[in-house]
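Below are the structure tokens for one structure; questions will follow.
Going by the order they are written in, the chains are A, B and C; count residues from 1 in each one.
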Amino acid sequence: MAGSDHLTADRGVPAFLGRPGPTAFHRLNPLTKATLATVTAVAAVVLGGLLGPIGLVVAAIIVPAGVARVLRRLMRTALLLALPIGVSAFLINLFFFPGGEQVLVRIGPITATAEGLAFALEILVRILAISGAVTLFYLTTRPADLVLDLERRGVSPRIAFVANASVQTVPAMVDRAAQITSAQRARGLDTEGSVWRRLRGVVPIVGPVIMGSIAEVEERTMALEARGFTRPGRRTLLWAPSDTVAEAVTRWGLVLALLAVIVVRLTGIWR
Amino acid sequence: MLVRWIAALMAFLIVILIGMVGIGNFGTGIDPDNFFDTEGANSFALIGAIALVVGFGVYAAVEYAQTGGFASIARQFDTRTIVLIPIAVAVNIILGATVANALKIPIYLDSIGTILVGVLAGPVAGALTGFLSNTLWTYVIPPPFQNGPAAAFGIVAVVIGVLAGLAGRAGWLRPRPNRPLAQLGIGAILTVAVILGMAWLAYLGWTSPAFGGEVNFNVAGSDAIFTVLGWLVLLLVAGTVVGLLAVLFIRRDLTVAYVVVAGLGTGIVAALISAPISANVFSGVTGGGTDFLVAALRQAGADIGAATLGQGLISDPIDKITTFFVVYLILVAMATRTKARFPQGERLLEKGEEGGSEEDGEWRGATT
Amino acid sequence: MTLTLTGVGYRYAGARRPALLDIDLELPDGVVVGLAGASEAGKTTLCLVASGLAPRTVGGQIRGRITLDGEEVDAWPMHRLSQRIGIGFQNPATQLSQVASTVFEEVAFGPMNLAIERDEVVTRTWEALTTLRIDGLAERDPQRLSGGQQQLVAMAGLLAMRPAHLVLDEPTAQLDPAGTRLVADAIDRLARDGASILVAEQKTDLLAAVASSVIVLAEGRVVLQGATAQVLADPRLPELGVPERSAVRLERAASAAGVGRDRLAGALHD
């Protein structure tokens, strides 16, 4: 096919690809940030008690969040994330703790016990720690960057595709659901009211959204295969997040530390 | 080929052995003084799930050593499946978040996508869908759809995907319409027997020391709430049975029976695997409608582990039966042409629907 | 390079009746061939067969010969064929890969899949963007563009693979008038630059503007074939489900109203 050679200027990889983040923490390799989040979350569970998780929250969440200048946003988002389960966990453990004896308050048939309070606080801190760790990752990392990094390290391009497409499909499907909802509302669909009514209202929206998406599968498959998707093996990457030896060492260090803690707790050496 | 399966099976059994012997018993009890309790983390089902993953790893490793590739696994990932998975993940997350946040009912409805992919494309694809859904849900999805605890239950989603894949492969979701009354009758009886059998086992599980750890609730010490709960469960079981019979005989589609059994089995396995995770990590609470059940069970005297398992054994089977049914409806609504091109598509068509045209003379199919 | 179909027939999986029969078609370099016909006449099927998606991706069975410069392509896998023949579809949104957050990455998707060297990928991407005059959109999110813009992005994605031939299945069918104009202009420019295109369209005006010859299908067979002006003036078009060119319709309406041809031409030129 005839090209348009007179138009191709000397342009390289565009600058907007792989733009580095605003702070040093943002610029860490995404795998490092993911490892930090996961290790923190698991450690929060394994450590148990109150002191360990609180220390963890300060060292592994609050300090890095400060460095990344996302502390305010983190607190707001993490609290939002932890709210439903946190409130539930606190109340249920406070009032429905089996074997609690020291009664604090009695409301009808249910009683709040001191043991329940202690346990409830521990669970609450744990949930906040998990919430905070995950939110820190979410606020400082683009999911596509993590997937790209994994692909560079050897993950199959097809799996990488699935991960990336999944991230983009959720908001796209929500938009579609919103469109269908307003269309259905215009036809008289009732979306407020009792649980039963809302449940019935969900069906005329969910149905078209799901079936509409499935109907698109054939077209999308053809479009992908028309662009060389069936070619086996690796593909070219335009860019990939950088990594340093120091970060690799840190990642392994974190994982090993976590394993050590797990072993220590499993064998009952401590506490 | 056989070598791979045998190696995987051996790895599976070894891990189970180590897990059981090493860490302990069938129980679900949790020591309140020691919140991370190994005895509570030992559920047979959780160990089984981990063994499954290890077995899969061994299978893949042996295949790689034999053939330098992962053909039997990769075959489940053709372009069509790869296009379907993100849609399935999105459906899981959106529906699951809606149910958890807006409708406080004791089911999850977050595995429709996983089971759909499993049935259409196979166990490994289903497993990937489940794993991705839960992981993304925690780490990547923004409010208002985010869900903190989801990632911890990734392995449960993996197993659900595998079970759905196996059910699809066995042809369980192939429509069987217009069956004679006699067949439908037998199907109904068998299914009701299975449901009642499972319900009986669950009842035993709650009340007999053989299943539980130190503490179980005392049926005789009838707290009012337990009585209410008992009736609720009875109502749900009865409702399921009646609903099943109604659909079975109205639609005259025998597959409904298979759907219920598949949902029940998957639900029970899911409950068994997720209970120890939920109990140990989150003290049995998820922030959704299921928490009311947990509270009620605890008030009736159950310890954290038993309460979580009890809640799971109520919510999960209902959730999975509903999900399998929805998936079956989706499959029935899909055009034959759409289904047929999926890896397990042939097993989802009515007998007689499949059939390509014969290759006669100059007509030829694709060679690549 | 010339794409040739000889005696080609096709039937979908599970179908008794063939969707295409006895198709003879030649698409040489630098030529634009138009494809017309009622809906369900086989236009889309022919596009799928010509590009290789049928039977590879879609299933079904084929007969006859398909060759590129005389070489049979039956055994070519889809990713090899996609480097010679690119195919675009009606729905702009479903052609997006959904893994690109910028138009640049979207267009680069094809070459990246082919494991072409990175610098070459970048060059081709810029080239494709510039040819279709959308290099200004390079940083935008493809999901947020208008239908017409998305269709151009999809076409750029195809051009980046440097195919010898382009097959376009009703590219403006789902676009609003602005989008249609955008895409029609782009196709026009490609044609003038010497592209080899097979374009299926209901909008006969577009075919009249870019195609040198037109094929009309009915029930899977070729019923009319020849130079554009000739075919589009054929009186059988309406019964074949092909809308007439607006110029022809205008003439007919004018003469029915008693306005002579010369007066009409004079009025149009003012």
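Some notes on this structure:
Methods note: a contact is a pair of C-beta atoms (placed from the backbone, for glycine too) under 8 Å apart; a residue touches a chain by one contact, two chains touch by 3 or more.
From a predicted model like this one, the values you see are computed outputs, not experimental measurements.
Farthest chain from chain C, judged by C-alpha centroids: B. Two chains share more touching C-beta pairs than any other pair, namely A-B.
Centre to centre, using the average C-alpha position, chain B and chain C are separated by 46 Å. Centroids of chain A and chain B (each the mean of its C-alpha atoms) stand 23 Å apart. Counting partners per residue, chain B has 79, 86, 341 as the residues that reach two or more other chains. Multi-chain contact residues of chain A (touching two or more other chains): 161, 165, 168-169, 172, 216, 218, 220-221, 224-225, 229-230.
Among the residues of chain C, those in touch with two or more other chains are 56-58, 77-78, 98. Those residues of chain A lying in contact with chain C across their complex are 1-4, 7-9, 11-14, 16-17, 144, 157, 161, 164-165, 168-169, 172, 216, 218-231, 233-238. Remark: chain C residues 30, 48, 51, 53, 56-58, 77-79, 82-83, 86-87, 89, 91, 94-95, 97-99, 101-102, 104-105, 108-119, 121-123, 126-127, 130-131, 138-139, 143, 154, 157-159, 161-166, 193-196 touch chain A in the complex.
The part of chain B that touches chain A in the complex is made up of residues 32, 34-36, 38, 77, 79-80, 82-87, 89-91, 93-95, 98, 100-105, 112, 128, 132-133, 136, 138-143, 145-146, 148-149, 151, 215, 224-225, 280-288, 291, 294-295, 298-299, 301-304, 307, 330, 333-334, 338, 341.
Against chain B, in their complex, chain A makes its touches with residues 34, 37, 41, 45-49, 77, 80-89, 92-93, 95-99, 109-110, 115, 119, 122-123, 126-127, 130-131, 134, 137-138, 143, 158-159, 161-163, 165-170, 172-174, 177, 195, 198-199, 202, 206, 209-211, 213-218, 220-221, 224-225, 229-230, 265-266, 271. Put simply, chain B touches chain C in their complex at residues 79, 86, 336-337, 340-341, 353, 355-357, 359, 361-368.
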